[in-house]
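Okay, so chain A shows up in both of these, paired with chain B first and chain C after.
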Partner chain A sequence: MAKYILKRFLWMIPILLCVIIVVFTVMYFTPGDPAMAILGNSYTPESYEAKVRELGLDKPYIVQLGNYLINIVTKFDFGKSYMNNRSVTTQILERLQPTLIIGAVSVLLSQLIAIPVGITAATHHGKIQDYTVSSLCIILAAIPGFLLAVFLMLLFCLKLNWLPAAGITNWYGYILPIVCSIFGPLVSSCRMTRSSMLEVIRKDYIRTARAKGVSEHDVIHKHALKNALIPVLTMLGMHLGGAMGGSILVETIFTVPGLGILMKNAIYNLDYPVVEGCVIFVSFIMSLLMLLTDLAYAAVDPRVRDQITGGGKKKRRKKAAQSMEGIAA
Partner chain B sequence: MTDMKTKKSSHQGGHGHHDKNSPESKALKKTNGKHPGNNHPFDPERRHGKRRRKHSQWGDVWFRLRKNKLAVIGMVLASVLILLAVFAPILTPYSQETQDIQNQFQMPSWEHPLGTDNFGRDLLTRVLYGGRTSLLVAFMALMFSVFVAIILGAIAGYYGGMLEMVIMRMTDVIQSIPPVLLAVVVSAALGSGVWQTAIAVGIAGVAPNMRLIRGQILAVRGEEYVEAAVAIGSSNIAVMFKQILPNVLSPLIVSASMGIGGNITAISGLSFIGLGVRPPISEWGNIMTSGLEYIRRFWPMAVFPGIMIMLTLFAFNCFGDGLRDALDPKLKH
Partner chain C sequence: MKKYLALFLALVMVFACTACTNTGGNAGTTSRTLTIGTNNDVTIPFDNTNATNVNGLGLCYDRLTYLDPYTGERVSNVLDDWYYEDNLHLVLEIKDGVTFTDGTALTGEDLIYTYSDEVARGGNNANNLSNFDWDNATVSADGLTVTIPTFEEYAPGIVSLNSWIENKAFDDVHSVDDEIWWDTVQGTGPYYCVEQVGGAYSTYALRDNYWGSEEYEFDTITFKYYSDLTALFIDYENGAIDVALNIGSYNYEQITSGNAKDTIAKLEGDGNPISLCLDYSRVEAWNNPLVRQAVAYAIDVDSLGVAGFEGLYKNNGSVIPETASYYEYVGEYEFNLDKARALLAEAGYADGFSFTLLTYEKYEDMAVALQDMLKQIGITVELDLGQFMPQLKRMLAGEADAIFLNGTTDNNGEPSLAYNKFITPTDNVPAASVLDAGWNALIASSYSLDAAAREKVVHEIQESFYENVWQVALLEKCEAWCYYDNVLSADFEAYVGGVPTFRVLK
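Our next item is the complex of A and B:
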């Protein structure tokens, strides 16, 4: 088991390095001249030259990439912002809190709602509850988060004046951004819970449990749920990554000072180190979460555990067979 | 249909040079007498001529799709939206660019069913033209992602080995970047415009489609009719496109029809934050953004494009759901 965990963590390193290379390369080939953008009106050929040298933009691609990689790997340093010369890492950490709160709370809440609702729909398959849930899902799936954000802002902030339209000076400000980010993961988890529950309920071992006289509640919650939730919970990492990526839209609408706005402004200002830092940082978090959910399954689910350690067994058996052959020969 | 065809050709390949007097062909000749009009002794599929053709695979799919009310609603709505987009220039007397500052911010009226925007342009016209851009870019993005996915997936699934390793690790890398951020970064790199946005949105769709195709190919590769095709000396390309691809098609169609909605969301989202397609080209997302500036005194500009996005998503989601159930009735719950 420990070997498997170590192996998975080691596999993450080359993948994350490649993510850094891909993001850096894409931003490197982005048209637009950051040095020009910084200088603006104070442009002279000499100051331009000096700025280019200061930013290290005169060096060839491979050298720039190498420096960037080395700084991240050795010092976790994503470079400095072109605009205000502050370290990208500190800027990200400053802006992380609101994005993380909105992302984590909305994903957690969405799962807390989606799983019971999905189970209810599955256990009442073909009845009114099921139809209600399914049609609600179809309607909600047609409303992307940023549309909902615009509509809710129009209703609650401008017509009814109940909630602040911009900023998060107190916790009221969090309500609408969280509500807008809930529905995406909610709909997808709800559908997935329903369909995987329906699949599991038809399995033989559930019939056996019922035949033994286990109560319906226990059949669903103790026997079926454990298997039905596997595909749902595997998506957790994806959902949080999606919520943090999608924050760029919701944060723009409600002017939440989070990672999304930081990134959006950086794109406009051609502030490439900040854009790269944000994307790489969010990708790190997402990969880590996906890995953790995988590992959690390996720890909890005996079948997955067997698959992992089973590989070891097979090898041992092979070795034993070889040695037997050796003896026979 | 295509599925049957592939099987047929491999059957013929296998048994084409039969001895006419073999017991098998004699037996077939007997049954032949009972069914006049059957001139394919070695192909039981064609024995019932017309009746068989009625129940072709796609005929069955169409039959099941028609029975599903939601799918029919989705299909009709989607066709209406596509037609509105295609015939936008005929449907409206206004041009999408002519500005009329004196008549800006008019509420909906008979002359301007959805009102006018901040430059006094007819909002309905803008929204219709916006649909043109949104749908066009969504389909282009879909084409791009499916095309790249088929090529990479076929290479990975069919040839395997080092190539497969490299391709799979690359998709691992791409998939560990959240799709929205990937689209944002690529869109920032390519700049704004129609095809640039299509590529930015399409790239995010390549990896999942590729995994799908590769998985299907791996599942189909060991089948006998593929072996038969290889045995009669079909080239790799022929096997891939004639034998394997038709069998990979149905999950790919489902994924594509479900992908349109996601693409529309991504495109309007990108345009909404100022990337993607920028004014003066109208697009639902960028009409909404400019509407958001004036939302306090004039709501139609932000709301109507939003409603169009919702209708489009609803239509394509319903159609995609229905198509999935129709193509694979076993999966239907």
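Our next item is the complex of A and C:
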């Protein structure tokens, strides 16, 4: 297992290098001039030339890319923001906490709700519980996120005055962003759990377990759920990865100073170092989460675990060798 | 399943019992804490390159002089006096005892450093500051008197010395890249930065070691950033904030029509009056003053303001902003289509003519409205719209028959920054160039004069601009803001030189 994890970490290096090169190249060729964006109305040809030199934008593409790669590899330095001259790394680390909290809590809560509800819908297939869950999922999927956010804001902030409309100066401020962020993962995980469970509970081994007299609770939670969880785990990894990048919509509406709004403002202001830094950081997090997802598969499915560790083949060979020795003896 | 439901309901009930109040806010009380909400990001480093930042800098730094918003006179927090010793030497007398945030004393060395550094950096005001001979500026033995030679008689004068005053000793130790600038102020103002959370808020407190004798109303002032105007106004209505620096036109109309209790709403010009600028060399008609007057009379500025800025605008009656030194309200053009048609006919353009208006997406609605207005007097306007940067390059390359141009002073107060755009040869925008020798001579004469004489000439410049319609002065975009009148006094003026200071004195 340790070898596998190490191998995956080593694979991350070329992947991230590719991401860096692709992101840098895309930003380089994106229309727009950051020097002019910074100068705005105070543009003069002289100030423009000075600003271009200051930002290093007068150098050829390959030189800029080389300098950027060297800085990242040797100093983990993503450069400085064109807009406020602060270190990109510092800004990302500052903005990380709110995004992590909202992302992690919303995904966790969504799974805590979605999995039991999905199981209920699957085990009561064709009944009122199933129809209710399916209908609710469709309704929640159809409502645009920004509409939901504004509705919640008007209800809980304006009418009831229970919660702040923006900012996260205390834990109250996290509630509405988390609630808005829950619905997306909740709907998809619920539906995936339901369909996956429906597929699994029709298998022969489930019928066998019931025939053996195993309780319905154990049939569902010990035998069916583990097998049904694998596609749900895949979705969980994707939801977590998306959440770590920050929700631009939620962070903008509720003024959460997270990664999403940092990226949005950087794109709007043509602040290339910040955009590049954020994308690379999110790619790194996604790679880590994909690794964790694969390890979760191994925890749930022994076949995957054996494949990863190679333990299955070795054990079988050892057993075969022992039995041959026994026969020979 | 039932267990989960019961747990969920219990959580909701606990929350409902505890979440009865919102955060912060002290509307309805005369508290010593002021919370201000704004749509502009309030969190930026305090380094000396932030020449035009608003909000916190106005609390923590002083400019050398500024226009008193109540009297319109030029005053100073840090100088006892300023005068010209002779035509070529400006003398500044610094108040004794002025200190920076870290307690070090303000001396003439700091002033020389502040302005010469801006020249070296190529800051917004570098051109005007280059008229002073910083290399030969001297400081008296006690550090409180600075004598600055100028290359021209009087030069642009005291109004040019308008940057935030910097602490030389601190700047010598900390480069502009130093992270210390994120939340460390080194100003002579009464407040300092307590905390700054990127993209969220910044909080300032009164200095214990403040050198001034004024008493300020608020011990703590917090600027809270809102990326969404809806959330900003909701928090204002809930009392979470006392002042809303940016509100939309709908909320502004609600307040001014009496639908918001205890609230005062105000409009504040953004310091960028917009003119319709006409390239005399590309369109023959622009050289005829009757044609320019006809265009001025054909434009309904109110409709333009509604189209372009949702009604948040004002006609400030001059080519330079109200926040500039020597501003004078010279007049507005009457909206009169019959008069416009008569003037055009008199000029020999009874059948009208056509030109192309080159502008960018920010002014699209205004451009379309202008197109409709001029169509009514027979002038056909072709619109050449595009993204800001490519269009700006084209404007600077002289590819426009007409453009919308901002006459800004960058919150500096130096009027020439605005009217210098309308001279020939121009180093800025060809479409704004006025091809009249008398006009250019008038502008040139505004330099090398003492303050009283300069004021007279700048008034003449504004009057000439209006009477001759050298370019068509239109309107100025405004920010609408509001506050609870039981927190701040009803006639409170927050803005000094276009920068909100919120230094409310008792």
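What we mean here is this: the second predicted complex is superposed on the first by the 288 of 329 C-alpha atoms of A that agree within 3 Å, B and C clash if a C-alpha of one lies under 4 Å from a C-alpha of the other, contacts with A are read in each partner's own complex, and residues count from 1 in each chain.
One rule holds in what follows: contacts are C-beta pairs under 8 Å (C-beta built on N, C-alpha and C of every residue); 3 or more make two chains touch, one makes a residue touch a chain.
The shown structure was predicted, so the numbers you read here are calculated from the model rather than taken from an experiment.
Where does A:T252 make contact in the superposed view: on chain B (first), on chain C (second), on both, or on neither?
Both: A:T252 reaches chain B and chain C.
Considering only touches as defined above, state whether A:N71 meets chain B (first), chain C (second), both or neither.
neither
Identify the partner contact of A:R86: answer first if only chain B is touched, second if only chain C is, both if each is, neither if none is.
second
Tell me the contact category for A:T208 with respect to chain B and chain C: first, second, both or neither.
Once the two structures are laid over each other on A, A:T208 reaches no partner at all.
Given the touch rule stated above, what does A:L158 touch, chain B (first), chain C (second), both, or neither?
So A:L158 meets both chain B and chain C here.
Give one of first, second, both or neither to describe whether A:N170 is in contact with chain B, with chain C, with both, or with none.
A:N170: touches chain C, not chain B.
Looking at A:V150, would you say it contacts chain B, chain C, both, or neither? Reply first, second, both or neither.
both
Is A:Q97 in contact with chain B, with chain C, with both, or with neither (first, second, both, neither)?
It touches nothing on chain B or chain C.
Quick one: classify A:Q307 as touching chain B (first), chain C (second), both or neither.
A:Q307 sits against neither chain B nor chain C.
Overlap the chain B and chain C contact sets on chain A and report the shared residues.
After superposing on chain A, chain A residues 150, 153-154, 158, 252-253 contact both chain B and chain C.
Across the complex, what residues on chain C touch chain A?
These residues of chain C touch chain A: 1, 4, 15-16, 19-24, 41, 44-45, 47, 49, 122, 124, 176-177, 179, 182, 197-201, 224-228, 230-232, 234-235, 237-238, 240, 272, 389, 392-393, 396, 406, 408, 410, 427-428.
What part of chain A is in contact with chain B in the complex they form?
It is residues 14-16, 18-19, 22-23, 26-27, 29-31, 125, 138-139, 141-144, 146-147, 150-151, 153-154, 158, 194-195, 198-199, 241-242, 244-246, 248-249, 252-253, 263-264, 267-268, 275, 278-279, 282-283, 286-287, 290 of chain A that touch chain B.
Okay, in this complex, where on chain A does chain C touch?
32-33, 36-37, 41-47, 50, 80, 84-87, 90-91, 94-95, 113, 116, 120, 150, 153-154, 157-158, 161-170, 172-173, 175, 251-255, 257-258, 261-262, 265
Per the contact definition, I'd like the list of chain B residues that touch chain A in the complex.
My answer: residues 70, 169-170, 172-174, 176-181, 184-186, 188-189, 191, 261, 265, 268-269, 272-275, 288, 292, 295-296, 299, 302-303, 306, 309-311, 313-314, 317-318, 321, 333.
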